[in-house]
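One chain, subunit A, links the two complexes that follow: it is found with subunit B in the first and with subunit C in the second.
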Partner chain A sequence: MIAPGITILFEGGRRTFEPGDLLTAEYRIDSLVPIEIKALEASVMWYTAGKGDEDLAVHHFVRHTPDDSLLDFRRPQSLRTILPIGPLSYDGAIVKVRWCVRVRLFPLRGRESVSEELFQLGRVPQAVVRTPPPVVLEDA
Partner chain B sequence: MPRFRFFSKKRGEHRTTSEVGARAALGVSFAVLVVVGGYILAQVVGRVTISEWRANHEFAAAEAVVLDKQVIASTEEGYTKYRPELKFRYSVGEKEHTVLGYDAAGVYTTDREDCEELLAEFEVGEKYPCWYDPQNAGRAVLVRGYSWAAWVVPLLPAAFVAVGFGGLTYLFLTWGKSAEHRALIQQATNLDIFDPHAPRRRDPALPPTDDGTNSPGTTLKFRIPPSAPGWDLMFLSAVCVGWNTLVGWFLYRVLVGHLGSRGDYVLTIGIVPFVGVGGYLLYRAGKQLLIAGGVSPTVVEISSNPLYPGGNYELFVRQPGRLSFSRFTVALACDEEATFRQGTNSRTHCERVVENEIFRRDAFVTDRQDPLSARFTFRVPDGAMHSFQSEHNAVKWKLVVRGVLNHWPDFERSYSLVVYPGRNGAPHA
Partner chain C sequence: MSRATSPAGLSIRPLNPFSSRYVRPGAIEYRFDDGSAGGSHEGRAGDRAGGPDAASIVDSFYAAGRRGAVVGPHGSGKTTLLESLAPAVAARGDEVRLLTLRDAGAGFPRIALLRLTRSTVLFVDGYEQLGWWRRLRLGRAVARAGAGLLATAHAPLSDITLSHKSARLPTLYTTATSPASAARLVRRLLDEHAPASAFAIDDEEIARRLAAHGGDMRELFFGLYDLYESHRS
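The block that comes next holds the complex of A and B.
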């Protein structure tokens, strides 16, 4: 059996946001055959990558179950949240902070599926390892 | 079929761990803690704590004649332990009882002399008060009171039970939940209702500014405390004293051996590298002591805290004391810190990604009447990453004060700064 796919789309294809911006995204389950769903989770979150062990924090979280009578899993679901002031996306030398929308599907039978789409929060430039200190600036 | 990996290995940015396997193993460990800890706790409390409490509160008084006394010895795994034991006779109603015992706890000790001293308080043939169990008149004690063993020892297995129970509860609450769902639960439990900065800390990645705003400055608004003041010196001194005491003891044994014509040449040669390490530690500790004793604390004050990228801030630096400087610099620096597991160890790697010299003065002398005092402006780079702190990763901003002294060891001191996300020196709207 082919595992169902998950598609995540940002409104207007926008992938760069500033703190306080409204993030709007849509996600849907792509499956050729009807599937029974135990739960569907969508998160707006950040996680760290790089040399250190992974840390993560969730900014926005929704969990849908078949008990949600108003929910139709065949239709795309939408997600809206105001983004926080930080942490900003960062591509450091050994510490990286990545923001994403992650959707996790728990089918009644079979393995769970995960899909995530990265986006940029803020405009912090990529870090570079420090070169030797520049020559003196000034004497006060 | 799912594949379980019981061993974790970091491959690039991914870790090859079976989460289910790891959580199941963790669950078994917690369950073992609860079962083993619970069993030991029940044994200690049942046999010692409750017995002692009942002897003090429920046992009835009677009079006993001591018939014999001895120290009981028991050897287990090569260790011999002792407890006092008296043979005594007492009457309850018409019936006489002859029993062996001393106190309700019946705890062994490793000190035989202690037991003999306790027994010395009793003479064979003499009468002493005793207390018997009304529910079982054949059980009695000659000594009442409270022992540490009955009330402190149970704390150890109780701690095991508490850790195991807490772990099982956490696993139960998070079992079958995604990493995001678990993170959300953890974030919720991390909130501290007594923390005045709780709303800020709802965003777990921005460190608080407490350290930089607790102390008002005399020239500018805040005085910034040095990072880890004195800890380096204390740690180094403790290691130096500990190491050299140990090495010194071995050295003494070696010397005594050689003087007594019983020299151990293997030990003599083997101790040389340890003496070398001890010497190096002495050199490092001595240097730190010279800096701490000879260079007064540097006063650093700042006009604002937290800082924002693109902002200009005033800084005041004062270096008192009689010193001859070859160079004195202040730099604005940013370090990335990553903590990771390597086998069973946890290691932290630090990488400096920003270091801008913001002040420098060459070849000058200070004294008590004329200390180095400098007030200047510096700028946090536009678009700089803000301070960031999570469990295993951090971005830390700091001021680094360095002094190169003539005829004295160089020194370097750090002062933590907090940079929050923003633009042009202002927070994000």
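The block that comes next holds the complex of A and C.
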């Protein structure tokens, strides 16, 4: 059986935001066959990645279950949230801070599906690694 | 991972393929070298994936009365192998509980909090961090509850003369890295997480770096992380 896909679209294709901006996105389940769903979760979150331990925090979270009488899983769902002041996206050498919209689908049977779309919060420049020149020891 | 380019031209670059999230135990499966684990219970290992060898180790674990140890030096894949064995143990109806011990046994809880039962299999990662007294107490608690115990350690745990027999564990598998397994793993990480990258490293250089780190795969990845970052700057 082919696992259902998840599509996430940012309003207007916008992927760069400033703190305090309104993020609007749509997400939908793409499946060739009807699927029974246990839950559908959408998060706006950040995480760190790099050489060491990782960290994450969820800024906005919504969970849908079949009990949500007003929800039609066949239709796209929308998500809106005001973005916080930080942490700002950062592409460092040792650690990177990534913001994303992550959607997780838990079917009644089978494995969960996860989809993630990155966006940028703020405009911190990328880190540049500079290798120091070799030290030359002069003869005494 | 998605790559997104903003209208303003800002771009989000793919993560470094040697980031913790890609190389930590559980993110990649343990892989045995050409099935050499076989029935010998001694084998070379370095990169990861499950397969029949994991099943044979679990068979040995149950044959030994649900007791055993995975032994190997730093960064040789013990923790990764432990993670790869968990599904096979769970498939037999046992409940796997992982206890990760840090320096000098930090992270060791009160025995009562472990809630050991007959269907529990306790995975202890870093067993050598426990002193003899804690090993003895843990071994007796496991035996009393009729639970299973699978541990990782840097040296065999079967011939400790000073501790009670309940603290001794037969060696089920010995992990080790090799230049070939390191090269395969590096290639796989690059293929999966940085397919469009111009970063290149040959097998000889991987072997040299692995040797420089005394065969420690974790240290090899740390070094390659830095090399990758300097390359893309």
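Definition applied: the second predicted complex is superposed on the first by the 128 of 140 C-alpha atoms of A that agree within 3 Å, B and C clash if a C-alpha of one lies under 4 Å from a C-alpha of the other, contacts with A are read in each partner's own complex, and residues count from 1 in each chain.
Basically, contacts are C-beta pairs under 8 Å (C-beta built on N, C-alpha and C of every residue); 3 or more make two chains touch, one makes a residue touch a chain.
Note that the structure is predicted; figures quoted are calculated from it, not measured.
K.L.:
Looking at the overlay, what does A:R14 touch: subunit B (first), subunit C (second), both, or neither?
P.N.:
A:R14: touches subunit C, not subunit B.
K.L.:
Answer with first, second, both or neither: which of subunit B and subunit C does A:A93 touch in the superposed model?
P.N.:
Both subunit B and subunit C are touched by A:A93.
K.L.:
Which partner does A:G5 contact after superposing on A: first (subunit B), second (subunit C), both, neither?
P.N.:
In the superposition, A:G5 touches no partner, neither subunit B nor subunit C.
K.L.:
Under the stated touch criterion, which partner chain does A:E117 make contact with: subunit B (first), subunit C (second), both, or neither?
P.N.:
second
K.L.:
Return the chain, subunit B or subunit C, that is in touch with more residues of subunit A.
P.N.:
Touched residues of subunit A are more numerous for B.
K.L.:
Is A:P84 touching the first partner subunit B, the second partner subunit C, both, or neither of them?
P.N.:
A:P84: touches subunit B, not subunit C.
K.L.:
What is the contact status of A:P66 with respect to subunit B (first) and subunit C (second): first, second, both, or neither?
P.N.:
Neither subunit B nor subunit C is touched by A:P66.
K.L.:
With both complexes overlaid on chain A, does A:R104 touch subunit B (first), subunit C (second), both or neither?
P.N.:
first
K.L.:
Could you look at A:E54 and tell me whether it touches subunit B, subunit C, both or neither (first, second, both, neither)?
P.N.:
After superposing on A, A:E54 lies in contact with both subunit B and subunit C.
K.L.:
Show me the subunit A residues, by the header's touch rule, that subunit B contacts in one structure and subunit C contacts in the other.
P.N.:
Residues common to the subunit A contacts of subunit C and of subunit B are 49-54, 93, 123, 127-130, listed in rising order.
K.L.:
Could you list, by residue number, the parts of subunit A that touch subunit B in their complex?
P.N.:
Residues in contact with subunit B: 18-20, 41, 43, 45-46, 48-58, 61, 63, 84-88, 90, 92-95, 97, 102, 104, 111-112, 122-125, 127-130, 133-134, 136-140.
K.L.:
List the residues on subunit B that touch subunit A in their complex, please.
P.N.:
Interface residues on the subunit B side: 2, 13, 15, 178-181, 183-184, 187, 203-206, 331, 336-341, 349, 351-362, 374-376, 383-386, 388, 390-395, 420-421, 427-429.
K.L.:
Which residues of subunit A touch subunit C in the complex?
P.N.:
For subunit A paired with subunit C, touching residues are 13-16, 49-54, 89, 91, 93, 96, 98, 100, 116-120, 123, 126-131.
K.L.:
Where on subunit C is subunit A touching in the complex?
P.N.:
1-8, 10, 12-13, 15-16, 19-21, 222, 225-226, 229-230, 233
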